[in-house]
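These are the structures, in structure tokens.
Next come two complexes, and both contain subunit A; in the first it sits with subunit B, in the second with subunit C.
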Partner chain A sequence: MTVVTEANPAEHYATYLEAIRTGDRRRAFQIIDTARDAGLDLAGIYLGIFQPALREIGGLWQNNELTVAEEHLATAITEAAMARAYERAFTWSTDGSRTLIAACADVERHEVGLRMLCDLLDLEGWRTTYLGSTVPIESLAAMVLRLRPDVVALSVALSPHLPRLRAMVAAIRSTLGGEQPLIIVGGRPFLDDPSLAQRLGADLTARNAVDAVRLLGERVSRAR
Partner chain B sequence: MSETVIAHLSHCFAGFPGAVLHLSAGGRVIESNGRLERELGRVLIGERFSDVIDADSCGDKWDRVLAAASSTGATSTCELVLANGDEVLEPRSFSVLWDADVSVVWLIEHPSDRRMETVRQQVTEVNSELASAQRDLVRERERLAQALADAERSNRALDEFAHVISHDLKAPLRSVANYARWIEEDLDGQLTGEPRAHMELLRTQVERMRVMIGAVLEYSRSGHTRMPPEVVDTKAIVEEVIALLDPPSSMTIEVAPSMPTFIAEAAPLRQVLLNLIGNAIKHSRRPDTHVWVRVRDLGYAFEFEVRDNGSGIPVRTQDKIWALFHTLRPRAASDGADDGTGVGLAIVRRLVEMQGGTAWVESEEGQGATFHFLWPKQTESREGDGAAAADTAGDV
Partner chain C sequence: MDPVAVEGRAAAELLARKTSLAEMATDALYADMPELMTRYGAVGRERCLEDIRYTIDHLIPAVDLAQPSMFATYVGWLDDLLRARNVSTREVIRSLELIEQAVRNELAPDEANVVASCLRAGLDSLGAARREG
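Then we have the complex of A and B:
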């Protein structure tokens, strides 16, 4: 029997949550640096620390223990912490042969999960373009037409924004005609009902960024 | 309460910039100042307040807050997301007050400051853009490091190639020269006319080739060994170079009175000055040649200048002169002068660029030429730079 000792994100999760809850940016960065030094990889940090911490922040708001302003600050700190962790983890391995464009369907809301997907794919050698949430549908379609990515990743956090996501999918489909990119969708509504993805015209969905990376790795071959 | 006070209070109730609602203990709207009705475009009186709350995000929260208000009687603050049909509105903050006397709940919206909302949105945007920019920087930095490593690798390979080729070419060339000499010796006196002229041309070409191979070797070796920087007195170096070149007495070489002393690698700097001043002397082709040497301190670098009053360089060839084997007067060895091998400027550029500097020329035909090069100053220890950058980049 082999005993594998793995760095455990749970050790850092609680302290990280406390740091972003109180808006302590420097402490948050420090905890992530420590986690990396302890041997945790980017996927471990993203799924083991950032994602549950932000979910918990959302839960605290629902319990009336946090204000929207505090929630925003916690998200902003996490975005910066992600960029920092990404910087430390990054090694140049892109062959540029697999490409992805990512955009959020929510208006003025940044989906951290989508950013996680882009970061993790970058480390796998993909070339990703993260557009955030302010991109108009026509610009997205034009960009997809110009860059011809293998994959378009769209996310939505709130159910009322599903029609916008449907419109994004439709715009891409009708603009591209013959050679369609793979469209992957994600976000809270798809966790509750994965079949929603197909109904909206997308090809696939994933429960989290790591699953999405695995799925896309299987579906999109390196050589084109 | 006097009627005046009541009138004032109801005026205040109606004019308050946020929604004010009066709910029953069960959460039905009894009274309203009309703000929320106008915003949602629907009647609320008689309705349950939970009907306009986004159930997904805060249905439970509202139930708990309402229950807590009527059981403990405490005043609390609560943020709620309202929904108007399918439309989900921005979260807003309410104060919840329990009036035990009449068993009602007052719900008072904290009027939001539009400007603060805008600022918050902008900050969110900027933060996200910064996070993207940070990634772009990381990727660009890695790409550059990669390109640099590639360039260094191919430079090294090229140097090795040049070295090997030059060495290997020398032996057969020596044989050709030997055979030619032996043929001439064997045909002692019998070689006349055209064959004799061809033989002479053969020897000239062999010699030319020998010089070129030597030049390739010299070029590939230049800057190969990096020496530790030392204190360099540029005036002394220039004087040393002039003494070495030993120009005819009819020429004037004027060195600026103030020449800097700084920390640099002495050998390549000396070589660059030797090649440039040597060129000025060699190519001037006039007895009253005048050469000026001066240095300007640009702060981050020293700009050296070697100017002459020679024949100048036509604009169309100014880019080409830096290439290996480019000489202004090709195959002009007949006048017997050392016309150079066309490697001097190539070496200048290479040595200067290895220091992180650049070299260029300004000239008009017939107006002389001015060669410039930048020699960057040695920077202080770079330790700590990285840490500082990482700290700023991580800021929210």
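Then we have the complex of A and C:
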């Protein structure tokens, strides 16, 4: 095995992709541990290794080079590797004064991007509440009303779920009345056309989790 | 958005009639290309119906948001996916044309027009080179 000393995600990307492509969970974990030991931070691992690897896995499925089962396994391994990397990166030194609730509009499981956002915000001192996919709209709105977060983050991977995202935004807007949270949206349809965010009633969108962390950091002040 | 806009009505109609539109388009495709039944059998026909329903799922938000490019992106993705599974671009094109035909038969003319403009954007995205496939 090559000993990697630089904090460069590209060094680890190809081996990680090969590990999840072949369903080798132990090796995938090992590669990520090595990347961390080499000094790569969580954002670098997420955006430099996990995200491009999962995009490539999706492409391989599209090209009929991977089965759906293999694709799901690669995703499951990556979710576990994310949890492991996050646990190793998290410290209790953060204040948790800024808050965010996150939910996916999809009814399928395309949750990794939003999970990345929550993890990276946690490390920046936010308190995040991650709900995953298929949350009933009324119960999402009720939770937003109860917790009054600074931000609600909603994601959608596939365009057929955009109407559902629009309904989520509308429900939050009408339930919250005068004191609105900032609503950020993300996912493939917004990469293709960022102007969709405002058309669906949201406040902003971002190209990836790191950009979203930076934008939200600018928009939401620490002391409220 | 304006809920009474023609795009919203057309999207709602597509959603309500998705299954029957998909069945019409699949029937027409198999009548048009009888070799499909020989090649793929009854299982293939079921898959085709499923794919056309999925295509209508992607057509709906593009119509609703008046965003034909959104549907064109999907069609490019679908064509790559199907060609990797030995389904030709010619079949994709024909299925889009037959969805349009079913929509014109079933929806009000103004609704059918906005749906057709999204379908056309999808067809246009399958450039001349790909049509040979």
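What we mean here is this: the second predicted complex is superposed on the first by the 216 of 224 C-alpha atoms of A that agree within 3 Å, B and C clash if a C-alpha of one lies under 4 Å from a C-alpha of the other, contacts with A are read in each partner's own complex, and residues count from 1 in each chain.
Keep this in mind: a residue touches a chain if its C-beta (ideal position, glycine included) is under 8 Å from a C-beta of that chain, and two chains touch if they have at least 3 such contacts.
Quick caveat: nothing in here was measured; it's all calculated off a predicted structure.
S.K.: Return fit or clash for subunit B versus subunit C, each positioned on subunit A through the superposition.
M.R.: clash
S.K.: Between subunit B and subunit C, which makes contact with more of the residues in subunit A?
M.R.: B
S.K.: Touching A:199, do we find subunit B (first), subunit C (second), both, or neither?
M.R.: Only subunit C is touched by A:199; subunit B is not.
S.K.: So, A:25: does it touch subunit B (first), subunit C (second), both, or neither?
M.R.: first
S.K.: With the two structures laid over each other on chain A, which partner does A:86 touch: subunit B (first), subunit C (second), both, or neither?
M.R.: first
S.K.: For A:174, is the partner it touches subunit B (first), subunit C (second), both, or none of the two (neither)?
M.R.: After superposing on A, A:174 lies clear of both subunit B and subunit C.
S.K.: Based on the superposed arrangement, let me know which partner A:132 touches: subunit B (first), subunit C (second), both, or neither?
M.R.: Touch status of A:132: first partner only.
S.K.: If we overlay the two complexes on their shared chain A, which of subunit B and subunit C does A:160 touch? Say first, second, both or neither.
M.R.: Both partners.
S.K.: Clash-wise, after the superposition, say which stretch of subunit B runs into subunit C: 63-71, 153-161, 297-305 or 333-341.
M.R.: Residues of subunit B that run into subunit C: 63-71.
S.K.: Would you please give the residues of subunit A that touch subunit B in one complex and also touch subunit C in the other complex?
M.R.: Residues 62-64, 158-160, which sit in both footprints.
S.K.: If we count contacts the way the header does, which residues on subunit A are in touch with subunit C in the complex?
M.R.: The touching residues are 62-65, 158-160, 162-163, 189, 192-193, 196, 199.
S.K.: So in the complex, the part of subunit B that touches subunit A is made up of which residues?
M.R.: For this pair, the touching residues of subunit B are 56-58, 60-61, 64-65, 76, 78-79, 83, 86-88, 91, 93, 120-121, 123-125, 127-132, 134-135, 138-139, 142-143, 145-146, 390, 393-396.
S.K.: Tell me, which parts of subunit A touch subunit B in their complex?
M.R.: Residues of subunit A touching subunit B: 25, 29, 61-64, 67-69, 72-73, 76-77, 79-84, 86-87, 90-92, 108, 110, 115, 119, 122, 130, 132, 134, 158-160.
S.K.: What does subunit C use to touch subunit A in their complex?
M.R.: Going through subunit C, the ones touching subunit A are 1, 11, 57-58, 60-62, 64-65, 67, 69-70, 73-74, 77, 80-81, 84-85.
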